[in-house]
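In the two complexes below, chain A is the common chain; its partner is chain B in one and chain C in the other.
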Partner chain A sequence: MKFLALLRGQLGGIIGTGIGQIILILGCGYFAVTAATQFERFSENFGSASSPLSGVGPLLIFASILCGSILGLQFWLMSYRRTWHFLLHRSVSRVTILLSMITAAVLTLVVFTGGCWTLLFLYASLPGLFVLPPTLQVYFEGWLFISLGLVFFMGVALSGISTAKFYTTKLFGIIFAGIILIVTFMSLDIFRASIVIAAGILIPAVQLFSVFLNRDF
Partner chain B sequence: MAEYVLEAQGLTKFYGSKPAVDHIDLKIPRGCVCGFVGRNGAGKTTAIKLMLGFLKPTAGSSRLLGCDSQNLTPAIRQRIGYAAEGHHLFRDATIGNLAGFHSAFFHKQLASAKQGEAGWDGKLFWDMIEYFGLSKKQKIKKLSNGQRAQVSLALTLAPNPELLIMDDPTLGLDAAIRRQFLEGMIELIMHQGRTILFSSHILGDIDRVADRIIVLDKGVIRANCTIEQFRTAVKKVRFVFGQSMPETVDIEGLLHSRRADKELEMVLVGTADEKIAEWAKSAGVEEYQIIKQNLEDQFIEYTAPIGQIRPFAWEAKQ
Partner chain C sequence: MHSKSLSKCFAKPAEVFTVIVILLLAVFIVQMIALGIEMIITIQKTNEWTTNIHKEPKEPTLQEKIDRSHKEFLPDGTVLLMYEKYNRANRQDVIQIHDANNNLVWEGVKTYDTNSSKYLLNGTNEAPEYLRWNIIYEETKYRSAEWIQKIRPDFSETIGFKSNIDKEAWQYDFKGYFTGYTYERQPIGYIGLNGFVKNKSEIKPFGKLMFWDHQRQTEYEKQPASPVIWVTTSQVCQLNIANRKVDVLLNTEGSRIKESCFTGMSNYDFVPVKTSAIKYRPVMDFVTEDNIHHLILREPEQTLNVSLPNDCLGRIDGIAFTATENGIFFKIILTDQSLSPAQRRRLWANEEYMKKEHKKWIGLYKVNQNGPLELVSRYDWTTPAIKAVNGENSVILHQRCKPYITAFSPPIYDWVWRKYSDYISDYYYENSIPFQQYLESSKNPGLSICHSTCLPVWLLWVSRSGTVWQDALHGES
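And then the complex of A and B:
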């Protein structure tokens, strides 16, 4: 009950980000898929094939990273607006508060970004739209891109609650997320990329819990 | 034996090598209204944050309602109302949203519950909001500082907390709103057994509401007594000498003194009137007068840095 109240409170503050995701991904994604169908018809005449959702991939990466970063910024804003005390003086533990913030971020990424991706994938899979409809592997790759948003959420959040100076380790979380992004693209296959992303989420998550439970507010 | 709702033993917090709070020992009994006063940077906010478990002490410990501050359980937190300095609330929420969010952490007060029993009292909250001339749909970010303080007070008082801790709740409020605010606090005090600790720079507020004063100076508790005891203890006396003034002043309870021409002003703490008369006679004082002071004047004299009572440079030139 209290967790749900916290979750509702968190979602209330980030619902705008979710709506922004719908507009960005569905708007640009629909345009990209439509353009791909046109290109396919054009290239059929020349005997070349095209990838149906190739235009959506970069958009999904950009949207996920943007969304994750905006969600992580909540931790900076709480410090800047000095609202931590109002939130922390609740009849719940600090773990519950942090879990509610993480759950809100995951739900926003999964429901809004993931939902839009699923809709685009289903649209591209409609019979007759493409000669070669997108495969399930493409769908899974899309979710990997979305989980990059979670990597950036963790990184930005960790930097937000870190009490270190800017010129020391405060920005470690954000830099780490950037490194994970580069390493993910350098990975040779989906399996290795998945491992890198999982590490990119878990390592800052452990640090985030440790800092949040022990820091002075 | 008195039941203490707030206890601190050797509570200390260092920021780097500088002590913000230095070995505070404190016991506040149930039902007491304590004014926590000190100059800017005295360590009031740090002490309050330590007691609420937001900061980790460098040394020492504190207990609220019998529970260690560093491990306050959700059930104990529910019984403590806290209004932070500046009344920072969620800016994007409306008053209605905030009330919904806040009330979810308390038991709903049953109609059969006696007045003053713990639990979210929605009627009390909305009555206060109406009294302050606010409405459910107003956004926090569009409220003035004073209105935000009023919402904060309503949120803090509506759950009928057993212990209310407020950090400079009237900071930045005009006289009329401050009075409304204090009336809200008095309303709570009227509920039996409620304990209040509030810090303030406005001694008039402390005088009006509190029955106990705690003076914090450079992280150290300098006084912890009833308002009446403080009033009686801190005295400013002006001595007029007919001829020469003694080189040294040796009187019990002397805090600091000022010399000017044939006059000597002293701030004394806990010195009986008889002792003052006795000293005046022995020092060859022509006449003396115990100057009447209000609580604010007494506080200023009491916390004035020794040896630093001198005019500002621009005053000296005049």
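And then the complex of A and C:
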């Protein structure tokens, strides 16, 4: 119950980010898909072709990273405003508080960003819109892009609660997330990219838990 | 164990890993920048093009001329040495063709015909009609399954076929078959190795796709939808999706195909087959891991396997096939030194090899259906050693810089060099020529350093998906 109460509180604070995601992805994504219908080439008989949702890909990456970074920024704000004590001085464990924050971030990305992505995918798959519909692989790739948001959430959060100086290791969380972003697109296939992203989430997450549990912030 | 201690137990290695990754990236970037600066200095200091931009380069020696010449053969086996030099005054590529005794046979200029996308030789009289060969086209890799499936910001691509006449579309599923449906998304059926089937359970998938290519030459051009050569790891098929037909042209029985060359069959064929007086036959060459060349010929249909002698395998510097109405030929260049495939690929960076004089020879062989290979003609020459300061040699300065650049981490440097040096040199020589000329004319070293600093960052960015290279090569999605 305490966890749910905390989660509700967290979600209440970030609902604006979610609505922003819906406007950004559905609004721009719809135009990108509509534009793609105009440019779908009928002249080539046989060939490799970009996905009908190719215009949505960069948008999805941008929106996910933006969303993850905004959600991670709350760790920075609480450190700057020195409001951690108010949050931690409750009858709930630190793990519950951290889990509620992470769950809120995951839910925002899954429900808002992921929901918009699913809607766009279903729209692009409608008969009559494209001759070659988007493949299931593209749908999974979209979810990988969304999980990049979680990578950045972890990175920004870790940097936010780090007590190190700016010129030492404080920003390493964010830099690490940036490296994961680059390595993801250097990976050859969806499987290797998934492993890279999983590592990009787990490695900062372990550090985040350790810092949080050991009161190192 | 207490949860706090447990979290610390995992967190410390994770933290160390993060720090190492970031520091290695920093070293990587520093090394890329150093490599960029070194390349600019190398080019400016050692290249006659930049140091004596308005002067004609020094005339090469006869030995150098012979080494740089393309060795071609007339159908009767006569060797021709084709020497190409750029005339700066007229901005033309001058071609001189000599015989084996260094007598000038023909002289003219090479021009690019945009209509036919072919290079033409223009002179006062007709250029000798030498044999044309198949070449490995690098573009093939941009039609490879790996490339198409690669994850990129605008998502991976798909392979499909659309027919506006029949209003049907076929989409390749990387499980190994095509799924067909009408424009209204009504299912039609499946196409696999066993051709067209109605039910998914009956489908026999193709093997793992390596690449595909069009064939639009000769009689196939007349067909409404050109067949596609579909190459898997151990099969070569001809697909005619419009007719729902699959012909298995080659099955290598599990031996993996590692290379292929097309001539007279590919859309990217720059060989002037049609205008030639020699009647060529379309030929495809697929080399398997057991070093057997599997030839598929047309007009008439024929398949042939060619095995090269084992003693020449490590010494091959180039091989190409062609087929005319008079026979099937291949030319092979061999060196006196045995090098591994990796060494051979990066020969220009192999200082030990470049510094030594070495012998080469080219042979023209005729392939008989069942008999042994017949040597028609042979030409021997000596490749001169590369001098320490040579206008075209950047190896020496690179070797001098290497100890400083590798001071931080030799393994990362090796990786950078292996993975990105080709991108850097390609980019520098091909994509930035106007900017490079501006840098050279401005004589502003600060700007050069700035350029070389930005270059690695830009390269990192473009190489993340490679779409720039694909667009540059194809101009299509």
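Throughout what follows, the second predicted complex is superposed on the first by the 205 of 217 C-alpha atoms of A that agree within 3 Å, B and C clash if a C-alpha of one lies under 4 Å from a C-alpha of the other, contacts with A are read in each partner's own complex, and residues count from 1 in each chain.
Heads up, the rule we're going with is that contacts are C-beta pairs under 8 Å (C-beta built on N, C-alpha and C of every residue); 3 or more make two chains touch, one makes a residue touch a chain.
These numbers come from a predicted model, not from an experiment.
Participant: Superposed on chain A, are chain B and chain C clashing or fitting side by side?
Facilitator: Chain B/chain C on chain A - fit side by side.
Participant: Which chain makes contact with more of the residues of chain A, chain B or else chain C?
Facilitator: C
Participant: Touch check for A:P127: first (chain B), second (chain C), both, or neither?
Facilitator: Only chain C; A:P127 stays clear of chain B.
Participant: Output check: A:E141 vs chain B and chain C. Expected answer is one of first, second, both, neither. What do you get?
Facilitator: After superposition on chain A, A:E141 lies in contact with chain C alone.
Participant: Under the superposition described above, what is the C-alpha centre angle at chain A formed with chain B and chain C, rounded in steps of 10 degrees?
Facilitator: That angle rounds to 140 degrees.
Participant: A:P58 in the overlay: touching chain B, chain C, both, or neither? Say first, second, both or neither.
Facilitator: It touches chain C, and chain B stays clear.
Participant: In the overlaid three-chain picture, which partner chain does A:D189 touch, first (chain B) or second (chain C), both, or neither?
Facilitator: second
Participant: How far apart, in whole Å, are the nearest Cα atoms of chain B and chain C in the superposition?
Facilitator: Shortest inter-chain C-alpha distance (chain B to chain C): 11 Å.
Participant: State which residues of chain A lie in both footprints, the one left by chain B and the one left by chain C.
Facilitator: In the superposed arrangement, which is not itself an observed complex, chain A uses residues 214 for both chain B and chain C.
Participant: For the complex, which residues does chain A have touching chain C?
Facilitator: Chain A reaches chain C through residues 41-42, 44-51, 53-55, 57-58, 61, 95, 127-128, 131-135, 137-138, 141-142, 144, 169, 172-173, 175-176, 179, 182, 184-190, 193, 202-204, 206-207, 209-211, 213-214.
Participant: Help me check something: in the complex, which residues belonging to chain C touch chain A?
Facilitator: Checking each residue of chain C against chain A gives 3-4, 7-8, 10-12, 14-15, 17-19, 21-22, 25, 143, 146, 148-164, 169, 171, 173-174, 183-185, 214, 225-226, 228, 239, 241-242, 460, 463-465, 476-477.
Participant: Please give the residue numbers of chain B that touch chain A in the complex, ascending.
Facilitator: 49, 52, 54-56, 74-75, 77-78, 80, 82, 84, 86, 88-93, 97, 100-101, 104-106
Participant: Going by the contact rule at the top, pick out the chain A residues touching chain B in the complex.
Facilitator: Within the complex, chain A contacts chain B at residues 1-2, 4-5, 8-9, 12-13, 81-83, 85-86, 88-93, 214, 216-217.
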